[in-house]
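Labels run A, B, C, D, E and F following the written order; every chain starts at residue 1.
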Amino acid sequence: MPTRGFIEYQDASPAVKAVYDDIMTVRQTDYINNFWKALAADPATLRRTWESVKEVMAPGQLDPLTKEMIYLAVSASNQCGYCIASHTAAARKAGMSDAQFSEIMAVVGMANETNRLVSGYQVEIDDRFKA
Amino acid sequence: MPTRGFIEYQDASPAVKAVYDDIMTVRQTDYINNFWKALAADPATLRRTWESVKEVMAPGQLDPLTKEMIYLAVSASNQCGYCIASHTAAARKAGMSDAQFSEIMAVVGMANETNRLVSGYQVEIDDRFKA
Amino acid sequence: MPTRGFIEYQDASPAVKAVYDDIMTVRQTDYINNFWKALAADPATLRRTWESVKEVMAPGQLDPLTKEMIYLAVSASNQCGYCIASHTAAARKAGMSDAQFSEIMAVVGMANETNRLVSGYQVEIDDRFKA
Amino acid sequence: MPTRGFIEYQDASPAVKAVYDDIMTVRQTDYINNFWKALAADPATLRRTWESVKEVMAPGQLDPLTKEMIYLAVSASNQCGYCIASHTAAARKAGMSDAQFSEIMAVVGMANETNRLVSGYQVEIDDRFKA
Amino acid sequence: MPTRGFIEYQDASPAVKAVYDDIMTVRQTDYINNFWKALAADPATLRRTWESVKEVMAPGQLDPLTKEMIYLAVSASNQCGYCIASHTAAARKAGMSDAQFSEIMAVVGMANETNRLVSGYQVEIDDRFKA
Amino acid sequence: MPTRGFIEYQDASPAVKAVYDDIMTVRQTDYINNFWKALAADPATLRRTWESVKEVMAPGQLDPLTKEMIYLAVSASNQCGYCIASHTAAARKAGMSDAQFSEIMAVVGMANETNRLVSGYQVEIDDRFKA
């Protein structure tokens, strides 16, 4: 947080250390990235956010790479610089190739274009698309 | 378009009919959805948009289902009602299960949450995430 | 506003009536659209918003049609249904043709696409574009 | 503005100086931040924007701190870096604590998550929530 | 979810019923709104989202009304129709007056305006606002 | 793209060179800006995006300056830093004056403000604005 900066492992409270430890275990890394170090200013939000991310990104009916690519696609659509950088790294670690990166970006761009064409032309939902 | 409405196949110019025909061939359907009928008010944009969508959504390093799921994820993140309805239908047609739909939405929600936490806490990009 | 609904001319306070009168005079119409009738729940915001819109949309170095087209373009990009409908009507009243409408939407779509490609690819600003 | 840069007090026209003076008086500061110095390239917009901000942010049924926290929350949701930095500073000056900052961000994050879940699941408005 | 619709209490699994029960207890109501009935298609996301909302919206350094007003402000900024309707209702239940509603909307509008002026003029962060 | 960086003319494949040559011819410049050099990591997207931009931005019922101003307005509304910088430069090259820049930004700001007021107040579309 602006006035306090990042909280490093050695300076962390037991509650924060427990989250850092779990992040490192689940992600099989010894690196805690800046997002978590910033969130550590609010241990409750740190814990809740990590638990949610861990649950949402775990393998399910979608494999981890697909989930990472979707996370990256949404972050690119939202134009969040940090998120794009960190989730590009995460997706690469999960196996995303250069060509896959480019295809994701092409879909993100096209979706953003057609979303606005739909809105501008005030297109009504087809009956067959109604739930 | 507001003052002209949708252009049906039988009322379409040859240029518009050619696009409609290609859509039906590529998508193996006899149905043209409202988006294209609205865009037909501007044949150049109809053609350009269709050619782009066709190229972007063709099988590549990502399979068609993955591309459709990313398209849906971005549309949900952008809160475009028509796009969510039509791409949910398209993704289901491509094989998306109920459970996969739910997992996509969970990732979209989480990405939107953490994107704002990153921005609000003014998190700087880790050196290792820099290109 | 939800719990009070629109305020019609005959039910309006003198302060609200004064704004309604000015809207009708400046726009050369006898119709007050729903946006203003809703804002009338808060006379200070009604007055401030109208005075600002009147000043911003007055002829300047850009003619009224160009300003209306920019207003519509931004509203389409923001996917605001009411705003798209009302500003499409306003732009048409100011002289926008069907072809101009379509060209605006094409630019809005393209800008939204390239904005995300720029972000996703983390493109750095060229030195020559720096102020 | 890009090609002209910030306008400092000593270089300002009387119209711009009058706004700067009012900002310093109302905010009880001798500092004009970059936003106003950039807007000064357009004295009409500088004046209109300042008058609007002054009116909107004045104490009313909501106290100044609550208004600043809402301004910050919206800026964080919009991911506007400058706005987050300047309104975090303004909210702190108005009394926001570290814990309040963290709670605001938690709400902003959660709202952004649930807004997309609502859209993605195409949830219809409950009758009892209709105005 | 589109193909399954809302899950009513009597049709819910024990896991979903447990969440519904907790919502009704915490909110002191016998009404489950459509958002939760739609999310119930994915019990894990239903539970996680409710637990997160419950934790984030609990009284803390900000009182429940202030948190509801911030939630509403972000939803209005994001233009999420369902969220605006449901959180306007929630904020009113927590004590929001008509005048407070109007002041929130005025701040939301102004923040969205100045966020874009800042971006368009490419305003750099003042040194004193840097963390 | 992050891991490969920009592709310069001398290092480009024939397909990429052909696009670069066309950009320089159409824009009457010998400068390729970073956006295209980044997109060159994906020659198909480079070509498709350039062909689309060229078609959309060509003179039509709207003159090139008006199109550039709309592109800039949307980019400012979307808060895309690179896009604002590059399209401010492009619009200036096409003839945009300082005063026109300021008027565009004023419209962008006002549209963003009223778009949210409309949403927050849940304003229904006037019958006369319906298509």
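Here is the rule we go by: a contact is a pair of C-beta atoms (placed from the backbone, for glycine too) under 8 Å apart; a residue touches a chain by one contact, two chains touch by 3 or more.
Note that the structure is a prediction, hence the values are computed from the model and not measured.
State which chains count as neighbours of subunit A and simultaneously of subunit D.
For subunit A paired with subunit D, the chains in contact with each are B, C, E, F, in label order.
Quick one: which chain's Cα centre is the longest way from subunit E's?
Greatest centre separation from subunit E goes to chain F.
By how many degrees does subunit C turn when fitted onto subunit E using C-alpha atoms, rounded in steps of 5?
120
Distance from the CA centroid of subunit D to that of subunit E, rounded to the nearest Å?
Whole-Å distance between the two chain centres: 21.
Could you grab the centroid distance between subunit A and subunit C? Build each centroid from C-alpha atoms only and quote it in angstrom.
Roughly 34 Å, centre to centre.
Going by the touch rule set out above, which residues of subunit B reach two or more other chains?
1-3, 41, 44-45, 49, 52, 56, 77-81, 85, 88, 99, 103-106, 108-110, 112-115, 117, 119, 121-122, 131
Given the complex with subunit C, which residues does subunit F contribute to the contact?
Residues 1-2, 31, 33-35, 38-39, 41, 45, 49, 52-53, 56-57, 60-62, 66-67, 69-71, 73-75, 77-78, 80-83, 85-86, 88-89, 97, 99-100, 103-104, 106-115, 117-119, 121-126, 128-131 of subunit F touch subunit C in their complex.
Can you name the residues of subunit F that touch subunit A in the complex?
1-4, 41-42, 44-45, 49, 78-80, 131
Per the contact definition, I'd like the list of subunit F residues that touch subunit B in the complex.
1-3, 5, 44, 48, 52, 55-56, 131
Can you check the complex and tell me which residues of subunit C touch subunit B?
It is residues 79, 85, 88, 92, 98-99, 101-103, 105-106, 109, 122 of subunit C that touch subunit B.
Would you tell me which residues of subunit D are touching subunit B in their complex?
Its residues touching subunit B are 72, 76-77, 79, 81, 84-85, 88, 104-105, 108-110, 112-117, 119-122.
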